Amino acid sequence: MSIGQLDVETLCAWVDALARAETVYAPQARGDRFVYDRLRRAEDLRLDHDVTLLPPKKYFLPPRERLAQFDGTGAARSVLDETPFVLFGVHPYDVAAIAQADAYYLKENPDAHYAARRRGAVIVACDVQAASSSVFAACMGTAVAREGFDLLLTRVDGAYVADARTPAGEALLARAGRLSKADAVALGRREQVWQDALKFLRRHELKCRPADLPGLLTRSYEHAAWEKRSERCHSCASCVLVCPSCFCFDVQDDTGWDLCSGERCRRWDACLLRDFALVADTTSARTAWSAIVTASTARASTCTTASASWPASAADAASPPAPRALPIPSSSTTPCWRTDHAGLRLRRGEGPLPFAAGRPAAQDPCHRPRDAL
Amino acid sequence: MGKPRVAIFDFACCEGCQLQIVNLEEDILGLLGLVQPVEWREALSDRSDEYDIAIVEGSITRAEDEERLRGIRKRAKLLIALGACATIGGVNKLKNACDMEDVRRYVYGRAAAMPHLATEPTRALDEVVKVDYKIHGCPVSRRELGAVVRSLAMGVEPVIPNYPVCVECKLRETVCRYEYNEVCLGVVTRGGCNAPCPAGGGWCYGCRGLVDDPNVNAARDVMDKYGRTPADLQRRLALFNSPGAVSCPKS
Amino acid sequence: MLFEVRPEVGRLDYMPGQFVEVSLPGVGEAPISICSAPGRGESFQMLVRKTGRLTAALHALPEGARLGVRGPYGTRFPVGDDMKGRDALFVAGGIGLAPLRSAILYVLERRADYGRVTILYGTKSPAERLFTRDLAAWAARNDVQFLETVDRAEPPWTGNVGVITTLIPRARVDPARVVVAACGPPIMYKFVLVSLHALGVAHTQIFVSLERRMKCGVGKCGHCQINGLYACLDGPVFRYDRIADMQEAI
C-alpha cells in the first residue's frame, strides 16, 4: 500500500472533491465545540479538533435507529442502511473504539444493522494535533493507531503524510491526484509524532497495565469507591452515552394510528439509568428481587407464528471487515507538532504539551478554517 | 366493540395542553378513528356523563374542583392527567409558598372577597384521586400524546420515560448548559421531551417533573462544581416542582 | 396462560431451558421460556404470565393470531449430557416450573436413560399450582418421586405446607450421583443451595436458570449482563459453580 505526502492545497482540493461526490462525516466546529457532522466543503474540516461531543460510534450505531417496519397487515421488514460513507479525521483512540465495537457487534451473532453500516464505511484516521484537556489515550495504549483504519493522515511540517492501509483507503487516496512521495525525512518526522503522542497524550496516569484492569475491577466489586461514586451519581448516564466504547441499546415499537403499521426502533441505552435492568414485573434485577411467582392458571390457546426474523437475523449479516496488515513505522527525527499550546499543564512537571489544546472560538466570525489544516 | 368514549376536562390551567390535541392537525383524524370524544369543552358543544376515559388538564385549587374531579374519577374507567398542571401541579403550585389570602388579594385586588374567587393550595390530580397515566410536559408533546393514546387503544401500557433530560441532550449533542454557567434542571427532570429547551440555548425548566428518586447529593455536587448553590437550583425548581421555597410579592 | 405456537414455515428445534423472543408488531418483544417437551419441532408451548406490555397484549390475542418468534436462544438444562445415566433432581418454584417442565418431560420420555428421578415443586398457595394434569401424572408414576408443597394452605389442600426446602430431606438423593436442575425465584435458590450443599451435592452438579431483562437475546443490547456474563448467551441456565462467587447472580 502506498504512502504519499499531501500539501494543504492538495488536501483541500481532495477533501472538497470527496465531500461533493461522497457522504463524508468529519469533525467540524459547532459553537465552541467540535462535532462529527456531514462535511460539505474542506474549509469546514477541523483536523485540529481536540475531542468531539459524541464519538463516531453514532455513524455505526445511531442514537436512534429504525430496525424494522411493519405494514398494515403486520408483516415485518428489516431496515438496513447500506449507504456508503467516509468517516474522515478519526483520532486513534476512536479508531480503537470502533475496533472494539466491531468485535462486539460483528463477531458472535453479528448485528445486521451495524454490519450494513460498517461494510459501507471507509475510515480515514488522523493523528492527534490538539490534545483534549483530559486525554488519557496514551496510558491505555490508544494514542497511536496501528490498525482499524483504511487511511491514516499525519500532519508533518505543515503537510500531511497519507498512509493507505487497505484497497479502500488506496482508492480514496488515488483521488487526491498529484501525490508526492513521502520521503525519509517526512516519515521520520511522522515517527516522532507518534513518539510524542505516546509520551504526551496522557493527562491521567494509570497505575497498572490496561490489561490488568478487568481483573482489578472484578476483584474490586465491593470496594468502597463504588458506594462513594454512587452517592454522587445522577444516574443521568451522560458518561455512558458519550463513551466511545459503550454500546447498550433499548428497543421499542411505535405504531401508526391504524395500530398495525409501525416501526421497531432502537435507541442508545445505558446501564447507569435506573430502569436499565428492570424486568417485566418491575423489579430491577440489581435491587432486591421479588419473587416471579404469581402464577396464572394454565389454559390453552393456539397461535401460529411467522418464522419471523426481525430485527434481521444473524444470517443476514455480513462477515466482519478483514483484518488489516500492520506496517511498522521506522526511524525518528525531530517533533513536528504545532506548538501554539494554550499553556495547559501536565502532571509530573513534564512541561507543556507539544499539542495545541484546540477549541473552536465561540461562533468566531473571523475563523479562518485553512489554519485548521 | 365500539370505540372508547373519551371526555376531556380542564381545571386550573391555560388549556394549552388541550390545544395540543386540537393541534394534532391531520393526526386528529387518526385519533378520532380510535376514540370517540363525548365531552370536550374546547372543541365540542356536546356534553356527556357516559365515558370510559377521562383526560384531565389542570390542577386542583378549590374545594368544588376537588368534588368535580372525584365525580369524574367515579365515572371514568381510566383517568389520564394531561400536562404539568395535572401531573405535578406545575406553575400553579408557585402560590403554595404564600398565604392564600395574600394570593387572592394580589391577583384579584378589590374583587378578592368575591366567593367564587376562593382559593386553596394547589394540588396535582394524583394528590386528590388515583391517576392511571400521566402525560407530562408544559405543554404536552403531541408525539407522546399520540403514542400514549395508541398504546391504550392496543391495550398495552404506554412507555413513559424515567430517565433525566441529560440523556436526550447527549443524544442530540447539546453541550451541557452548566458549561455555560446556566442552572439547568435537566439532571433531575424526567426526559421524553427530546430536550428542546437546552438545545435552543435555554435550560430545562423541569416541566415534566422529577425522575423517580432523583439524587440530591449529586445535585449538590454539580452546584458545587460550577460554583452555584442548592438555593439556585431550588429557585429554578420552584417554577414547576415545588410547593414552597419562593418568596411571594406582597400586594 | 398457555400458548401453543406453530411455525408457519420450517420448524423450531430447541432443548429444555431455552427461550424464544416473542414479538408483536407495534407492541414489542419479550423473552419467553419454552415449556413443552423438545423434539416435536412443528409446535411448542409457552406459559405466559401477564406482567408487562408484550405479555398483556399476548393475553388479549385471539386463537390463531400471528406472532413473531426469534430463537431459540440460550443455554439448556443438561438433560442430554451431564444428567444422562445419573439421578435427576428437579426443583421448581412457582412459575419456574415452566422451563423445568420441558426438561422433566424430556427425561420422562427417555426414562430408562436416567437413574432415580425426583421432582420437587413449591408454590405460594394451592391456587397457584401450574400444569395440574402433569403434576397428577407425575405423582401417579412409580418410577418418579414427586413431592410438592405450598407456603400457605387453603382448603381443600391436604398436602405438605412449608417452603420447598422442607422437601429436600425427603428426596431420595444420592449426592454423588445426582444432577440438579432448578428454576424459581432467587430467594428459593438461596435456601435450596444451602440444603443441597448440606447434603453434599457439588456445585458442578447443580444447574439453575436465572431471569434477567433479556431484550435482544443475542448478547448485544447489554440489559441482561451479570458481571461479565450475558444471561441470554451464557445462560439462562448456568452450572452453579460458574456463578457461585459472582455478585448479583443470585
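Order of writing sets the chain letters: A, B and C. Residues in each chain are counted from 1.
Assume a residue touches a chain if its C-beta (ideal position, glycine included) is under 8 Å from a C-beta of that chain, and two chains touch if they have at least 3 such contacts.
Just so you know, these numbers come straight off a predicted model, no measurement behind them.
J.: Select the category (line, ring, star, complete, other) that matches the graph of chains linked by touching.
T.: Looks like everything touches everything, fully connected.
J.: Looking at mean CA positions, which chain is nearest the middle of everything shown?
T.: Of all chains shown, the one whose C-alpha centre lies nearest the global C-alpha mean is A.
J.: If I average the CA coordinates per chain, which chain comes out farthest from chain C?
T.: Farthest chain from chain C, going by C-alpha centroids: B.
J.: Looking at B-C and A-B, which pair shares more C-beta contacts?
T.: A-B
J.: Round to the nearest whole Å and give the separation of the Cα centres of chain A and chain B.
T.: 38
J.: For chain B and chain C, what's the span in angstrom between their mean Cα positions?
T.: Computed value for the inter-centroid distance: 44 Å.
J.: Out of chain A, which residues touch more than one other chain, so two or more?
T.: 252, 254-255, 259
J.: Among the residues of chain C, which are close enough to touch at least two other chains?
T.: 26-27, 52, 54
J.: Going through chain B residue by residue, note those that touch at least 2 other chains and give them in order.
T.: If we look for residues of chain B contacting two or more partner chains, we find 154, 159.
J.: Can you tell me which positions in chain B touch chain A when the two form their complex?
T.: It is residues 27, 29-31, 33-34, 146-147, 150, 153-154, 159, 162-164, 166-167, 170-173, 175-176, 186-188, 211-215, 217-219, 221-222 of chain B that touch chain A.
J.: Touching residues of chain C toward chain B in the complex: what are they?
T.: Touching chain B from chain C are residues 26-27, 52-54, 56-57, 60.
J.: Spell out the part of chain C that touches chain A in their complex, as residue ranges.
T.: Answer in residue numbers: 1-10, 12, 23, 25-30, 47, 49-52, 54-55, 61, 63-70, 93-96, 123-124, 127-132, 184-188, 211-213, 215-216, 218-225, 227-228, 233, 247-248.
J.: Can you tell me which positions in chain A touch chain C when the two form their complex?
T.: 70, 74, 76, 104-105, 108-109, 111, 214, 218, 221-222, 247-255, 259-260, 262, 264, 266, 269, 271, 276-282, 285-286, 289-310, 313-314
J.: Chain B touches which residues of chain A in the complex?
T.: Where chain A meets chain B, its residues are 30-33, 35, 53-54, 63-64, 231-238, 241-242, 252, 254-259, 267-268, 270, 273-275.
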